[in-house]
Amino acid sequence: MDKVKVAVLGSTGMAGQWFASLLENHPYFEVVALGASKRSAGKKYKEVVKWIIPKPFPEKFKDYVVFDASNPDQLTEKVDLIFSALPSEVAADIELKYLKKGIPVVSNASPFRLEPDVPLMNPEVNSEHLELLKYQTRWGAKLVKNPNCTTAVLTLPLKPILDEFGIEEISVVTMQAISGAGFAGLPAYSIVDNIIPYISKEEYKVKVESVKILGKLENGKIKPSKFSIEATTTRVPVLDSHTEVIYIKPKRSVDANLVKDVLVEFRSRPQELSLPTAPPSPIIVREEEDRPQPRLDRYNGNGMSVTVGRIEVMESGRIRMVAVGHNLLRGASGVSLLTAELMLKEGYI
Amino acid sequence: MDKVKVAVLGSTGMAGQWFASLLENHPYFEVVALGASKRSAGKKYKEVVKWIIPKPFPEKFKDYVVFDASNPDQLTEKVDLIFSALPSEVAADIELKYLKKGIPVVSNASPFRLEPDVPLMNPEVNSEHLELLKYQTRWGAKLVKNPNCTTAVLTLPLKPILDEFGIEEISVVTMQAISGAGFAGLPAYSIVDNIIPYISKEEYKVKVESVKILGKLENGKIKPSKFSIEATTTRVPVLDSHTEVIYIKPKRSVDANLVKDVLVEFRSRPQELSLPTAPPSPIIVREEEDRPQPRLDRYNGNGMSVTVGRIEVMESGRIRMVAVGHNLLRGASGVSLLTAELMLKEGYI
Amino acid sequence: MDKVKVAVLGSTGMAGQWFASLLENHPYFEVVALGASKRSAGKKYKEVVKWIIPKPFPEKFKDYVVFDASNPDQLTEKVDLIFSALPSEVAADIELKYLKKGIPVVSNASPFRLEPDVPLMNPEVNSEHLELLKYQTRWGAKLVKNPNCTTAVLTLPLKPILDEFGIEEISVVTMQAISGAGFAGLPAYSIVDNIIPYISKEEYKVKVESVKILGKLENGKIKPSKFSIEATTTRVPVLDSHTEVIYIKPKRSVDANLVKDVLVEFRSRPQELSLPTAPPSPIIVREEEDRPQPRLDRYNGNGMSVTVGRIEVMESGRIRMVAVGHNLLRGASGVSLLTAELMLKEGYI
Amino acid sequence: MDKVKVAVLGSTGMAGQWFASLLENHPYFEVVALGASKRSAGKKYKEVVKWIIPKPFPEKFKDYVVFDASNPDQLTEKVDLIFSALPSEVAADIELKYLKKGIPVVSNASPFRLEPDVPLMNPEVNSEHLELLKYQTRWGAKLVKNPNCTTAVLTLPLKPILDEFGIEEISVVTMQAISGAGFAGLPAYSIVDNIIPYISKEEYKVKVESVKILGKLENGKIKPSKFSIEATTTRVPVLDSHTEVIYIKPKRSVDANLVKDVLVEFRSRPQELSLPTAPPSPIIVREEEDRPQPRLDRYNGNGMSVTVGRIEVMESGRIRMVAVGHNLLRGASGVSLLTAELMLKEGYI
C-alpha cells in the first residue's frame, strides 16, 4: 500500500514537533511537506525549528524546505491529508483554505470543535462519531477535530464508567503542565515555586467538549451526554502531562474493585484495529497509593495511555480517581494521529 | 506586665524555627529555653540549628544552650508555657511529661487532637472551644492542640460560610507545599517536575479535624459539625503554602457576591482583642481570575491570612473557591502562637 | 528638605516594579510620575502593572495615571530626575529625549554604558567616577548608568581585593537567575529541570564593564583596570540572584584569612554618607562550606549586600570564592537608586 | 557463548536500578541475583524497590528474591562477577568479602579508588589500565573501580585534548544533578529555587581521580598525569546530568576548530570492540551557542556520550568548553557496565 501523503501545519511549535517525531517512520503516513509561519517559509526545517521535545530530532526532515502554511498555494507537493497544529487564533481561516482546495484536515486547534457536523475525536471514546462526516458537506473536504488536552485525558477513563454505571455528575480539578501553554506561553518567573489557579477558557472547554465526545450519534447528530460537569483548572510546575482529580457520581452504586476492573479491561475500536498509535491498554490502573505521578507515568503506552490511581468510592457514593495523561500525545498530536489512522482504516480517507 | 516565660520543644525543625523567629521580639512571651533532641542537647542553638526558613536567624537565641526536650528535668529555667513543635511520633510521651510537671502545653503535633477534652484551636474559627479546658482535668496542666496545616487553612474560610449559609457538604482537593513534609521529609528527586497525588494520613485528618473545629461547644462537649467532607491531598513543587480547591454545598442558595462579602467582612475574637499575631483581615478575597497564587500570597497578613479567589457559584449550587494559606504559619507555628495569645487574654494562662 | 521629584520609566517591568517599591517611602525622592509603553499610557498604574515581585504592591501609586514614557511631553509633572528601567532596545532614543529637555537620567539600560564621559556606577566601587559628569557636556543634562547585573555583583568583592592585593586575572562562571531575563524573557519550558549555558551578550558585557568600573579616573578620563577577564555565563532555575564562582589571580600572594578580613572590613563612600539604600556591610562573608545560597542569602542587606563564601587560596595561588547578589537590587534598581542618593549628597543633583 | 552470570549489590538504589535496567537484556551478562540491605532480603525485588528512574521497571526481575548483599553466603547462585552499587560507607567491607570468595567485583563505590593496584576505569580514556590487574594479587579475585560521576564526565573530553595538545592546568566549575546525591540524599526544600555551592568531598575526588585516570601505565604502575587541577562543585535543581564548565590550559597553542575536530573524531578501544554499551560517538560537539543543556542532551549515546559545546579559545590561550554527561550512566552504572564489557573482551573475566 502506498503511504498517504500528509503535510503538517504549525510544524515548528511543540505539537508540531511531536507530529514530526511521530510521523518520521509511520507505517501509513508519509510527510511530504512541513508548514509554518511566513517568517520561516523558504528555510530548512532544521534551521527554523528550535527542537525542544524530549525525543531525537527527526533527521529525515532536516532539509525539508518549510512552506508558508497560511497559503495552500505554496504547498507544491500533492497532499492527501493535513495535520494542523496551528495556533487557535489563526487556525479557522487557514484550515478552511485547505478544505476548499479539497484536502481533508485533522486538527488540534480549537475553532469548529463544537460545530454540529464536525466530529470531535478521542478514538477510544467515540470512534463511531466519524459517521458525522457523512453529513458534513459544507466544505470541499472533511474536517475532523480533536479535543483540548484536558478533555482528551478526562474522557478516556470516563467512557467505560459511563457505559457501565452511568454518570450523573462530574467534578474535576486539574494540575496542568507547562507545555500545555505552548513553548513560550508561560514565563518561567511565573511558575517556579508557584501554582496559577486558572487557565484561560479551559474550564468552559472541558465542560462543552466532554459532553459532545461522550454523546451519542443519533440520526446524524450528536446528542450530548447529559451529566453535569464542573471543572477547576490550574497550572503547576510540571513539564509535561496533566494530572486530574476526578469525582464521578455514577447512576448506580458501585464498588472500587468493579470500577478498577472496568477500567483495566476497557478496549475499543483502535485496539481492535491494532492501529499503530493505539496503546494496548488505553487505561492503566495503578494500585500504589502514591501513583499516578506525571513524571513517572507520562510515557505509559508511548504517551497514549491514561494512568489512573487512588480509585475509591467515597461515602457520598462518588467515585474518586486521579488520572495522568500526556497533554501533547493523548492530548494533542498523538490523538490527532490516532484519529487519522482510524479514519484511514474505516475508509474516511 | 512581666512576660510569660516559654520554652520551645523541637526548636531546630522548620516549625521550631518559625517559633523562634516569631517569638524573638514578642510582646507577651519570652523564650527562656529551647529544646531539641538529645543529640543536640548541651550545644548552642546556633551550632545545632540548620537555619533554613526565609527569615533572618534570631540572633537573640544564638548562644542559648539547647536542652534535651525529652526530659523536662533538663529544663533548668522556670517556664510558664510550652510550645511544642515535636515530631508526632514522639510528641505524646514527651508532652505528657510536661503536663505532669504542671506546665501547660500548646502543641502542633497530632496526638490527642481528637480527644474530647482537648481543644483543637484555630482561633478565628473556634475561640470559644477554649472553654473545654475547664473540663480538662486529667493532667496536672492544660493541653491545647492546633490542627494539621491543611485543616487550619481550610476551616478559616469555611467558618463564615457555615455561620451564614450552613454547609451540607465539602469537597477539597489540595496542592500542598514541600515544607509540609518537614525539612528532610521529601527527597528532591521525587518532586522536581512532578506531583505526588497522596499524603499519608492527611485526608483522614482533614475530615475528622475539620468537623471538630467547626463544631459547637455544648455542655462541655464539642458536637462536631455535621456536614460530610471529602478530601484528595497532593504534594506539588512549591516551597511553602498549601493551595486548596474547595467546593461547598451550602444549605441555602447563595450568590457569589454575597459569599465574597461574608468572607471579606469576617472578623473574630483575635481581631477584637487585637492579638499581636492576629491578621487584621483573616480572609483576603482577590478578584483577579489568576489569584491566589502561593508564591505571591503566602505572606499576606504576615502568613496568617488565608487568601481566597476564583469564587463562583456553580450550576449545581455549590460554592467554588481556591484558598492559599501558609502551612507553617497559619498552619502550624503561627496558629499555635495565636492560640497562646488568646489563652493569655482570656485568662487560661 | 523638599524631596527630589522623580519619574520612573519602564515602571511596569520587573526593574520598574522594584523602583516603585523602593521609592514608595524614600527619604530623598518622591515619585511624581510613572512612565510605561504607549499601550499602558492613560491608565492607572494598578490596572497596567502585573505585580510580580516579592514585595507588597505600593498602594501609594495605585491610582497614578501612567504616561507614555517615549514622549517626555506627556510628562505633565515637573521632574528633577529620571530613573530609567527601559528595555535596552528603546532606551537610547528615549533617554536622550529627557536629557535634551534638561532632565538628568540615572539608567539601568545598556546603551551608553561604555561611553567615555558616562559614569558607570556601582557606588561602593567607584563613587569617585561621578566626577566624570563635570566633563559630560554634550547633552542638556547628565546621564549616569549602572552596570549589568552580573558585573554589579562581581565588581563589589573585587574592589577591596584589587586595592589590597592587585589583580592580574579574573575568571568567573555564573549561574544566573530567571528574573535576569525580564519577566517574560524566559519560557518556563526551557528552564525547569535544566540549565542554559549561555546568555546573549553577557560575557562581553562582564568583560568590558568590569574594567571600566574598576578603572581609575585620571585627568577626566577612566583608565580601565588592566587585568584580563574571562566569563562563562549560564542560566539556572533560580528565581532571583546570581551566583558567581570567581577565581582571582592576585598580584601578590595572599592567604584566605587575610582575604576574608579585607572583604568583611570593606566600607566605602555610601556607608560613610549613611545613604539610605547603602547596606551597612556591603560584603558579607559566610564561613559555612555550603554558603552562600541564592535563596537564603539574596535579601542580605536588603538585597544590596553581596554574600561571599567558599573563600580559598588554591595551589595555583588564585583566590576562589562564590558570590551571591540580588540581580534586581544590587544588580539593577537598587544600584541605580544608591547612585542617585550618592549624586544628591555629592552635589550632582 | 554462555552469558556471564552476575549479581548486583545495592540493587534498589538509583545506580542499582540503572544496573537492573541496563542488564535486563544484555548480550554478555545475565543477572542471577539481586542484593540489597538486610532489611530487604528475602522479599521480591518488585516489593522492595521503589522504582524511580525514567525507564520502565524490568519485569524480568520482578520476582527475584533479593538477598542480603552484606553476606556473600546468602548468595545461593553461582556468580562470575559482581556489580557493586553499594553506598560508599559500607562498600569496602562488603566488596572484600566477595573478593575473598573469589568473585571479581566491578564497583561504583569510592573506597579503593586510589589504591595503586586498582584500575580506575573510564574505558574510552584508559582501557590499557586494566593491565594493572596482572599486578593486583592481594585478594582472591580482581577489583575494578569506576570514578565518581563528575570525574567520569570530565575526563572523557580531556583525553583527546591531553593526547593531542598536552594539558598544563585544568579548572572546572560544576553544576551537578540532584540524583548525584542518591535518591533521598537531598531534601527538596533545600534545592528548589536554589543552588548549593558545595558537595562534600567532591572537589578532592575530582582532583585525585582525574590525574590517575589520565595517567600512564608504566612498569605495572600508574604514573599520574601532571597537570594541576582546580574544581568548584555545586548542586543545582536539575534531576539528572552534570554540567561542567571546563577551562584547559594546553601545552601548545590551539584554535577552536582544531579542538572541535579532535573531540568529534575521538574513538577508543570500546568503539573498536563495538562494546554494547559503548556510544558510537563518545564525545558529541554542539555548535549552537546555547548547548549543551542537561535536559536535552543527557540521553545522547544512550546516556554514555558526553556532549560538549561553547568551545572557544580564550585570550589567555585557555580552551573553554561546557560539557554535559549523565551522572548515573556515563558517571556510574553505565561506565561500570562498559568496563565489565571491556574486561570480558580483553580476557580479564
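By letter and in written order, the chains are A, B, C and D; residue numbering begins at 1 in each of them.
Note that in this section a residue touches a chain if its C-beta (ideal position, glycine included) is under 8 Å from a C-beta of that chain, and two chains touch if they have at least 3 such contacts.
Just so it is clear, the model here is predicted, and its values are computed rather than measured.
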item: Chain at maximum distance from subunit B, centres defined as averaged CA atoms; value: D
item: Winner on C-beta contact pairs when C-D is weighed against B-C; value: C-D
item: Centre-of-Cα separation between subunit C and subunit B, whole angstrom; value: 40
item: Between subunit C and subunit A, distance of the C-alpha-averaged centres to the nearest whole Å; value: 47
item: Interchain centroid distance [CA atoms averaged], subunit C/subunit D, Å; value: 42
item: Multi-partner residues of subunit B (each touching 2 or more other chains); value: 52, 192-193, 237, 239, 295-296
item: Subunit D to subunit A touching residues, read off their complex; value: 51-52, 54, 192-193, 295-296
item: Contacting residues of subunit B [partner subunit D, same complex]; value: 14, 52, 178-179, 181, 183-193, 237, 239
item: Of subunit A, residues touching subunit B in the complex; value: 169, 171, 173, 175, 193-198, 228, 230, 232, 234, 236-239, 243, 245, 247, 289-296, 309-310, 314-316, 318, 320, 322
